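So that you can tell them apart, the chains are marked A, B, C, D, E and F in the order they are listed, and the count of residues begins at 1 in each.
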Amino acid sequence: MDSETKSPLSHFDESGNAHMVDVGAKGETNRKAYAAGSISMNPEAYRLVKAGTMAKGDVLGVARIAGLMAAKKVDELIPLAHPLLITSSTIDFELMDESYTVNIFATVGMTGKTGVEMEALTAVSISALTIYDMCKAVDKSMKISDIRLLKKTGGKSGIFIRKD
Amino acid sequence: MDSETKSPLSHFDESGNAHMVDVGAKGETNRKAYAAGSISMNPEAYRLVKAGTMAKGDVLGVARIAGLMAAKKVDELIPLAHPLLITSSTIDFELMDESYTVNIFATVGMTGKTGVEMEALTAVSISALTIYDMCKAVDKSMKISDIRLLKKTGGKSGIFIRKD
Amino acid sequence: MDSETKSPLSHFDESGNAHMVDVGAKGETNRKAYAAGSISMNPEAYRLVKAGTMAKGDVLGVARIAGLMAAKKVDELIPLAHPLLITSSTIDFELMDESYTVNIFATVGMTGKTGVEMEALTAVSISALTIYDMCKAVDKSMKISDIRLLKKTGGKSGIFIRKD
Amino acid sequence: MDSETKSPLSHFDESGNAHMVDVGAKGETNRKAYAAGSISMNPEAYRLVKAGTMAKGDVLGVARIAGLMAAKKVDELIPLAHPLLITSSTIDFELMDESYTVNIFATVGMTGKTGVEMEALTAVSISALTIYDMCKAVDKSMKISDIRLLKKTGGKSGIFIRKD
Amino acid sequence: MDSETKSPLSHFDESGNAHMVDVGAKGETNRKAYAAGSISMNPEAYRLVKAGTMAKGDVLGVARIAGLMAAKKVDELIPLAHPLLITSSTIDFELMDESYTVNIFATVGMTGKTGVEMEALTAVSISALTIYDMCKAVDKSMKISDIRLLKKTGGKSGIFIRKD
Amino acid sequence: MDSETKSPLSHFDESGNAHMVDVGAKGETNRKAYAAGSISMNPEAYRLVKAGTMAKGDVLGVARIAGLMAAKKVDELIPLAHPLLITSSTIDFELMDESYTVNIFATVGMTGKTGVEMEALTAVSISALTIYDMCKAVDKSMKISDIRLLKKTGGKSGIFIRKD
């Protein structure tokens, strides 16, 4: 990396030192981010998670609350993330019977100067970790995968839609 | 699920309501948990991450700190996790040139009544999300995968070693 | 509850799942919320609290700080509360000699998209709990009661004034 | 208050200044605290809360999680409270049809040097505030009352059982 | 202090009670605060800190992250500080070979109703404490000094530039 | 720094990467740390701080609470600090009329595996910053200095007493 040129990684200054990027001059736009991920587990754990959605032992209900709360904690967790005031967030689950997998979807909205990608991705991650925590008594081999940004709107860089 | 029998998901009581499992009577043992995960990215982002390990723009150095700090915040993030006092933690990275992927490894140790699996898994997750945050200016399509427990020692359930 | 109709409880979506209500399209207005509550105690505890207001052992001074700080932590405590930036807050106490009771009043102000009722109610609650904590060495039977919203101004729903 | 004698309020030193009481020399004992409180509301809000316990719009499920998480945050909220590691906690609700009231019960356990009364009382308070938050769209006049310690075991002061 | 007149210390009301100052009616302006401080140490610690800037054992890199994160936590740490959304922050270090001292500089920016002095001063303080933490194995006598505001722009009170 | 030898800075491993030092094998001992610092101000601010100690506008009372609470937050603020359970803490102030300076003293105690130096130093720092915050309306040129460890007892390294 040439010390004369600014890194394309905006979280570093010309000297290569980490800083919080200055967004003071950016306008406020409506922004929305959509993220997803999944957690796969063994048949017994999957059966219990699925049973819990109907009445008792509601694993996904607890994981949803954990994800919604985590979306509000991003600036504490990610060192160079800007603090911001999200104005909406949702978490949805999709149960995939054939693969014993729970798909997790998060949407976060805000009007502001920076994107809310990290909020959506963190909501998915903590929601998945909560499912792990609640099911680890019956399956320690669960795997969390495919945490990714699906789409993002608003901001100078415009719309992003993941291709695969 | 039969309402007469206790759920194998220990985070729920007989009525199916969430609670914090009582570990008061458990003995204190030395515990250690090893977790891993990975984040894949495009060649440009990968090149910048790799360059940063040598001098300036140290993405992985920042991600390491984020992961080490997150291991101390698990009881705030995971609703039914017990608060505990970890006594060691490490984060290591492995750069996979052929797949433009960074593998992340976390180890957390403690003497106490409950396991530290969630601490190690959370450290890996937040470390990966920090890499995402710092590289998203050049690649929004990064994907975080394979967050899993590799091994765990200590506690009544003994040693767990992941099979694949 | 008919699954076809939206719940009057706005914190749930059509499927009955918890979410953070979308306030992105709401305008910013000046808002103010007034809440109150009380804690009753035995004569000895009451005497010590009252004595502390004059010079030393200032229970209410500490409880005021605790309440003012708690008003800034609502989004961490209440799962579906929006993060927001309060612009003013006060806590006042009224000493009721005949009933050995301390009345607690909180006012919180903000210009924003959502109300600050939860901030005022939380400030009262944590202030009361702090009084309990500081006096429990002399009275474990204190009781916290009548935590309620007195008044609220601003926002689309307009002025609310509690009737009793 | 005589400046020569120590205040019976142990959170103050001889000069009347607040401090964190030294519990370093106290032994570790098994401790348990039981607290309760209630929130009363109008018939419509009550009906919705009760309906939510069966399937969708689960107000009490969310309030339980909020209370369980708040029990882990007491040392951040109450200025002079000691940090501690709770080993169990539960929240239960009782629906009182005739008075449109929800009774809230919290139990917190720990082996340690200080009591867990504040943890149980805080769990009840934040659980009640969460119910308020989720129902305030249909009733702003809800009232939270009778937050009190029911019982406490362990520690030098022995068993406490509330009399009324 | 005359009880009839308002204290020049705006954090107290007419009765001398602490409150959060009402800034609701203040306009939003671009604000910036510059703070500094220093930590002096023995030659061995200084040598290790300096060596770490080049490759491994990067004390200052960790201290920078700690300072940047602390700037986002001021409203949790300083009781009467307003919550706010900083839009930029930087931390820089200057190594003073002749005095074995590290000078620390922080800049914080925001568009808002209150100043960001406390954010810049807190960033410097926590950054210095982190250096202490990381070097205390070789020098317990380090001293942190001269934490001060250098300059501040924006807001009704206009520009402040420290004179010495 | 020779890559073959371990750094004397124990927060780094052999490769120079930051980690949380493993204290799992260390015994628990009684530990105590004493730290100090000072803040100097102009005569008007000093007069107001001093007046507040008697009745109203109690700057030092608020700063004491801030410091006591900050001692419980060290593991969130200092990246590689171990979480721990302090068992006592005090903050005292000394008013130096001739130099318009407030001296701040903190003592923190614990039985555990690591020292509490950082807790005492952080308590002093946040207490000083709170004084700055509350007096900045009348003096923006205050300076915080001489934050240092006075003494430490307990632990393998034994007693440390600062020499100057």
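Going forward, contacts are C-beta pairs under 8 Å (C-beta built on N, C-alpha and C of every residue); 3 or more make two chains touch, one makes a residue touch a chain.
Since the structure is predicted, the reported quantities are computational estimates derived from the model, not experimental observations.
Student: From subunit D, count the fewest steps through touching chains until subunit F is reached.
Tutor: Shortest path length, in steps: 1.
Student: What rotation angle superposes the Cα atoms of subunit B onto subunit F, in degrees to the nearest 5?
Tutor: 120
Student: Can you spot which of A-D, B-E or A-C is a repeat of the D-F interface, where more than half the contact pairs line up?
Tutor: It is A-C that repeats the D-F interface.
Student: So subunit A and subunit D: same face meeting same face, with over half the numbers shared, or different?
Tutor: Same: most residue numbers at the subunit A-subunit D interface appear in both copies.
Student: Whole-Å distance, subunit E centre to subunit F centre, using C-alpha means?
Tutor: Each chain's C-alpha centroid was found; their separation is 15 Å.
Student: At what distance in angstrom does the C-alpha mean of subunit F lie from that of subunit C?
Tutor: Computed value for the inter-centroid distance: 32 Å.
Student: Multi-chain contacts in subunit F: which residues touch at least two other chains?
Tutor: 17-18, 55, 58, 61-62, 65-66, 69, 73, 76, 79-80, 85
Student: If we use the touch criterion from the header, which chain pairs count as touching?
Tutor: A-B, A-C, A-D, A-E, B-D, B-E, B-F, C-D, C-E, C-F, D-F, E-F
Student: Which of the residues in subunit F end up touching subunit D in this complex?
Tutor: 30, 61, 64-65, 68-69, 71-73, 85-92, 109-111
Student: Which part of subunit A faces subunit D closely enough to touch in the complex?
Tutor: 54-55, 58, 61-62, 65-66, 69
Student: What residues on subunit F touch subunit B, complex-wise?
Tutor: The contact residues of subunit F facing subunit B are 13, 17-24, 75-76, 79-80, 82-85, 113.
Student: Would you pull the subunit F residues touching subunit E in the complex into a rising list?
Tutor: 1, 3, 7-12, 15-18, 37, 44, 48, 51-52, 55-59, 62, 65-66, 69-70, 73, 76-81, 117-118, 121-122, 125-126, 128-130, 132-138, 140-149, 152, 160, 162-164
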